[in-house]
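Chains: A, B, C and D, in written order; residue numbering restarts at 1 for each.
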Amino acid sequence: MFDSFQAFLDMGGHGLYVWLVYGSAVPLLVLNLMKLRRARRQLLRELKATQAVLDDATHAT
Amino acid sequence: MRLKEFWHRLGSPRWFYQMSGPWQLGFTVAAGVLLLVGIIWGVAFAPPDYQQGNSFRIMYVHVPTAILAQSVYMVLGAAGVLLLVWRMKLADMVLQTMVPFGLAMTALALFTGAVWGRPTWGTWWVFDGRTTSTLVMLFLYFGLYALRQAIPRPEAAGRACALLAIVGTINIPIIKYSVEWWTTLHQGATFKLTEAPAMPIEMWAPLLVNVIGIYCLFGANLIANLRNEILRREQATKWVRELVARPLT
Amino acid sequence: MFRVQFHREWLSMMRSRDEVLNPLVFLFLAVTLFAMGFGGDAKVLGEFSPGIVWVLVLLANLLSLEAMFRRDFEDGSLEQMVLLADPQFLPVLAKITAQWCVTGFAMTLLAPVVALMLNMPVSALPTLMVCLLLGTPALSLVGAVGAALTVGLRRGGVLLALLVLPLYLPVLIFGVSAVVDVMAGIDTVAQIYWLAAISMLAVTAAPFAVVAAIRISVEQT
Amino acid sequence: MFWCDALSEPLLTASGLACTRDRLSLFQDLNLTLHPGQCIEVHGPNGSGTSTLLRALAGLFPDFDGEVQASPALYLGHKPAINALLTPVENLRWYCRMGGSDADVAAALARVGLDHRLTSPCAELSQGQQRRVSLARLLVCERPLWLLDEPLTALDIDGHRVVHDIVVEHCASGGAVLCATHQSLGWQDATILRLG
């Protein structure tokens, strides 16, 4: 365990590398999880739009 | 027989769509929780390594992504076999959607490996057993991705990628062995499920949590991508039209 | 079936001799480039010669893959080959063997000349030739899978390199380490066995993959 | 109408064939049986799927629904399928062995009116003559089922007659022909299948 927050940041001199890794990996993982939900919603909206266009076309003829 | 029926049902995307709803939710939640716990445990609470000090904490991201990157390629190889031999539509969707995910995992594994190498071996990149075979796997992923883009017709592109994935999967052990044989710099695998862990339990436990967490993330990605792909491909069918008509769930 | 297809390939190749000679000329051209690149210092060049020779053999092999199915695909006889042949892999195997004779085998014969240009010690030449003889079939076979997959595409060249070169790595590793060990006087039986094993695996598995790849590419038209 | 002993085994049966190309349906539940001695002409405007149908029946195009049982077939596509570097004789000898027969190559060439150019590579032949070498291929490999995709292209009037004769002859000897074409072969016994 780290005795102080400062030591936690410094990581015994390897802080740069550890935080470089976690700084890049963690946001990526979080983004990935969020993207899953957003992609589904966006696809449903897209399908709804094409649906509407198709329905108008069938009504028009 | 249960398995036979499951196998037969896998053929119809609609059944998979309905069945996979709860699974995806489960995987997403599990991934979120496990990764959160695992990373915090690894970064803050795991004891420092007597040799490498705190830089070994990078392992908690590097090892899971590296292992997952290889597993994803095996999954792609298996999907290739399922597509070419049994013509399963789901397998084609797996091949189409999961290559970018595998590519990202391999790239992340390489990046974290390089950053970890800096403090421990003194250089950003060294061509040794593990890093080189992961790099080659990155090229294999690029090959799959480029082949998919190059072939216009989706069905032909699917089958071509399936064949390439199978050929790649056969070659991975050969490449891995020849690269390991060529170099002896890299220390033995730090994480073997078979024999006892090479490090104390309180270091090894968060790693296990992270590995399971990242596999759950893979599960969540896989099912989410498959469900989206099913909707996209079956949009002309009645059940999809009804589903789309319903207010956004 | 094998003999007929081989005979046809041989005739077709002998009549388009430039296509056949280009990769070999490239080999010598690239060797001179490397010699210039290394500043012509004989000792340095000799040390690196195994790596240079093997990498150039790989690249020359890659160049010749492009033309392997291109002609038959464009005139339509590739699909006939797949439709008519009873054991479908046999004509494909004949075609790959013909291509190997003109590239892999030819380079094995030319290897001493190239190696001496790079100041490789004469004692290493027999091992180099044995390794090339055992390693190049695997290159042609695995390369044929990539060639068959990309034959239907207009700009398939770079993609072919991207697909095939990673699979060439084991042959490169064992080939180079065999020659390096011989120059250092170490026994190289292990590498030779490995090269033979890889070629055996390629001979048994690759033709079926090539037939499948041809069937996929033939759909494009 | 065409005579056919219904008892004989059909050379080609296709049931419930359906194929779509980028969400456009080319043909739906198309059923087709071809008995020995029968010739079917498939007529249809460009892009109506005639070529796709033939390639599907030949086994070159797998993306279709429905079932196809076909005996060993000879497929003649848009491309002449001959190696331009080899001479007509060498090309046909290759087809002979591949088809597993040892028919007389020179006779086949003579049959399609090409006997005097046996030694020059096919590259030097005209488009029409290359088509004739391709037609000679049908005579050389003894396979009962012929799938011809627009055989009349680049052929002169005499060429049309040659195609007509070999088709009639082939059907008479117990073979069957499925031919996609824009101009009819002119054989009154052939049945017409319209697409698109």
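What we mean here is this: a residue touches a chain if its C-beta (ideal position, glycine included) is under 8 Å from a C-beta of that chain, and two chains touch if they have at least 3 such contacts.
Keep in mind it's a predicted model, so treat the numbers as computed, not measured.
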>> I need the common contact partners of chain A and chain B, sorted by label.
In response: none
> By CA centroid distance, what chain is farthest from chain C?
Replying inline: A
>> Taking the mean of the CA coordinates per chain, how far is chain A from chain C in Å?
In response: 45
> What whole-number Å value describes the gap between the mean CA coordinates of chain C and chain D?
Replying inline: 38
> Using mean CA coordinates as chain centres, what's the chain B-chain C distance in Å?
Replying inline: 33
>> Averaging over Cα atoms per chain, report the distance between chain B and chain D in Å.
In response: 48
> Got the chain C residues that touch at least 2 other chains?
Replying inline: 219
>> By the touch rule stated above, which residues of chain A touch at least two different other chains?
In response: none
>> Two-or-more-chain contact residues of chain D, please, as numbers and ranges.
In response: 62-63
> What does chain A use to touch chain B in their complex?
Replying inline: 1-2, 8, 11-15, 17-18, 20-22, 24-26, 28-29, 32-33, 36, 39-41, 43-45, 47-48, 50-51
> Mind pulling up the chain B residues that touch chain A in the complex?
Replying inline: 24, 28, 31-32, 35, 39, 43-45, 47-48, 52-55, 57-58, 61-62, 65, 104, 108, 111-112, 115-116, 118-119, 217, 220-221, 224, 227-228, 231-232, 235, 240-241, 244-245, 248
> For chain C, which residues are in contact with chain B within the complex?
Replying inline: 142, 145, 149-150, 152-153, 156, 159, 162-163, 165-167, 169-170, 173-174, 177, 194, 198, 201, 205, 209, 212-213, 216-217, 219-220
> Within the complex, which stretch of chain C touches chain D?
Replying inline: 1, 4-5, 8, 11-12, 15-16, 71-72, 74-77, 79-81, 83-86, 91, 215, 218-219, 221
>> Under the stated contact criterion, what part of chain B meets chain C in this complex?
In response: 84, 136, 139-140, 142-143, 146-147, 150-151, 153, 155-156, 159-160, 163-164, 166-168, 170-171, 174-175, 177-179, 181-182
